[in-house]
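You will see chain A twice below: alongside chain B first, and alongside chain C after that.
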Partner chain A sequence: MERVDARGLSCPEPVILTRKALLGGAKEYEVLVDNVTSRENVTRFAEHAGYTVTVTEAGGEYTLSLKK
Partner chain B sequence: METEVRLTKLASCAGCGAKVGAGTLCQLLEGFQTHTDPNLIVGYDRSDDASVYVVSEHQAIVQTTDFFPPIVDDPFLFGQIAAANAISDVYAMGGEPKLALNLMCVADSMDDVTVREILRGGYSKAYEAGVIISGGHTIHGAEPIYGLAVTGFVDPTKVLTNAGARPGDVLILTKKLGVGILTTAGKADIGLVSEDLMQRLQLQMATLNKAARDVMVKYPVHGCTDVTGFSLMGHSYEMAQGSGCTLHIQTDRVPFHPEATEMAEMGFIPAGAYRNREYAGRNVCVAGNVTRAMQDILYDPQTSGGLLISVPREAGERMLEEMHNEVPDAAMIGYVTEKEDADIVLE
Partner chain C sequence: MKNNGKTGIIIAGLIIGAIASLLVYFGNPANMGFCIACFIRDTAGGLGLHQAPPVQYIRPEIIGIILGSFAIALVKGEFSPKGGSAPLTRFAIGFCIMIGCLMFLGCPFRMIIRLGGGDLNALLGLAGFALGILAGVAFLNMGYSLKRTYKLAPTEGGILPAAAVVLLVLLIAAPAFIHFTEPEGGPGAKHAAIAISLVAGAIVGCLAQRTRLCMAGGLRDVVLFQDFRLISGFIAIFAACLVTNLILGAVTGGTYFHAPCRLCGTGDRSHGRSVEPARHVCSRTGSNPSGRMPAASAGYGRRRQHGQCSDSSGTAGRRCILP
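What follows is the complex of A and B.
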């Protein structure tokens, strides 16, 4: 599964990285972010692109699992 | 004018989105010793736009300041927007701005032409507002910053605060929302925001709230604030709290740039919007079918946003009619009731 590491980045960079990755058209992705804004924004972007998003949190970092 | 330096690239957050969250600010200011003075009729104790100090029976001084990192690349426009935004706080109190001081931080990568263009922008807006810039202070730093400290005057009996809203009032907003979301989308630099839209946003941000204020003061207005970094929701929350009322916002009447909806759905939402939601969101009741994107727009931090005016219905209707020509985006967006469970009801 393709992984996008957007930790340490602020808006709108994580969305841009995710957008680039999603152009590949895979069915599943994993996106790592480390703040609420990125979590929310990447979730919105992925949902808008037709993916369902599941979020898990560990130690202030979020793993977003994107599935189509 | 295009310059080689892309100003927004030098800034980590843009415009009023750089504002420290309202909740954080309240905590930071807690517990300090201050003098009390009966002539300070608007000040520290309320989260208002400016402080107001009475100097005589008919005159009070209005004081405020605002500055931020570049929200646009064009230095002249950045100067104009920063100045319009800083001066706006005086208009929001019903006052007339008179004097200003430049507040500026110059990054090492900025050349003299860029610095001069920013200042030229500031001076042009000040001139348009009838404000004299009488000096200022400039330092070197990591990121460019520009703004003004502004002094104005107001009749002490006609001061407008965000604490004056009363049941029976209607709410009028004078500029469109969505500026924060759209400038964030523009910052992504992937062609999501057209040149034409960007120009309309810049023009709106650079527009003084003077015309709206000049019409407003002719009517028996109860309360006013300007909608900036804390978003329509944050500023409405402060108005509701300060006034001890509930603000009902009829979301289908709120003016916003329609392009902001899709950009919000795509997640181009500035961090400030989430801070605003955290600050005001708990006291909000969503009564109608208000989409997530529309809510994001309501929480979107605005740079140099419009005035939010609370005025009795009949006067509000006449005011809106008079504003129509010069402030075409002004709209009636809701009404005020006695305090209910929620501070804000979204309908």
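What follows is the complex of A and C.
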């Protein structure tokens, strides 16, 4: 599973990094973000790209599991 | 297709747009219910950080936005101060953004409010704004990054809200070292009552925090992945501004639109309203060469009545010198 670590990055970098990763066309990705805005932005983008997103939170950081 | 929280942001946008127009009714300058850049400029002037008398007033809307969004972030457990990435670059970028905004006479928020008030100059601003976003995305695609931020102590994040409270105290106490634009002295003199502005700002701060309202993000989402959630908030602001301006115009008999003047046919509807002397173009000297529309832009300076211009030289486009 490919992993995108976007923690600490400012909007819109998490979306841009995720977008670049998704160009690889894998079925599963894991995206790490550390704020709610990035979580929502990446979720919205991934859903538009046809992935289902599940979010787990731990200590203010979010792990987004993207599956196709 | 999933609604994706679009209803919430549209309702928030409608409320924000209506509030923006109502603030003009309550005393703010034309099409300036909200303008983050202009209000920071005015606040800087109020603190004496610049000496432009027409634009000096500590704007309670800014205080309200900071405190409203801070409060709702605390309540929702989203208060999470971060910082430490590329501070000088951010400062330089912020500096340039502010200059750009003040040249345009509005932030992206006011750009929409200006459109809702019929000021089509803002369309050019919108085009430039969109091009800027595309340029930014291109840089990011090429690998540009401001690098990572780090978690900061809550006290660090509490400084700005604390400063907002200090500003509010200074505004209410009005000590001698705080500057206020003289009555009729410019847009700084045009403002709603402090409590109205403060509550309006707080409501907008809460709504913006909850909906993540973002004009740049809205255009980015449309360009990158054809998502209209964020931009729908701004479309709602535009619609609400437009409708509220229409209603206010019908009810009060005043004009809330940047319509051409009945007398001179120009876009200058400043007759009887405040305009900035240095930028006003006399109606008798032909068209406004800059294409700028003072009343909708900010409403600077002194009051003048139509046809009372002392400049009778007739030079096309010559700027009016007020008596």
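By our rule, the second predicted complex is superposed on the first by the 68 of 68 C-alpha atoms of A that agree within 3 Å, B and C clash if a C-alpha of one lies under 4 Å from a C-alpha of the other, contacts with A are read in each partner's own complex, and residues count from 1 in each chain.
Going forward, contacts are C-beta pairs under 8 Å (C-beta built on N, C-alpha and C of every residue); 3 or more make two chains touch, one makes a residue touch a chain.
Because the structure is predicted, anything quoted here is derived from the model rather than measured.
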Touching partner for A:7 - first (chain B), second (chain C), both, neither: second
Touching partner for A:42 - first (chain B), second (chain C), both, neither: first
Touched partner set for A:19, first chain B, second chain C, both or neither: both
Which superposed partner A:60 touches (first chain B, second chain C, both, neither): second
Superposed model, chain A: greater residue contact from chain B or chain C: C
Shared contact residues on chain A - chain B and chain C: 10-12, 15-16, 19, 35-37, 40-41, 44-45, 48
Chain C partner contacts - residues on chain A that touch it in the complex: 7-13, 15-16, 19-20, 34-37, 40-41, 44-45, 47-49, 60
Residues of chain C touching chain A in the complex: 2, 4, 78, 80, 82, 85, 137, 140-141, 145-151, 212, 214, 217, 220-221, 224-227, 229
Residues on chain B engaged by chain A in the complex (per definition of touch): 12-13, 184-185, 187-188, 190, 264-271, 274, 292
Parts of chain A lying in touch with chain B, wherever the complex brings them together: 10-12, 15-16, 19, 35-37, 40-45, 48
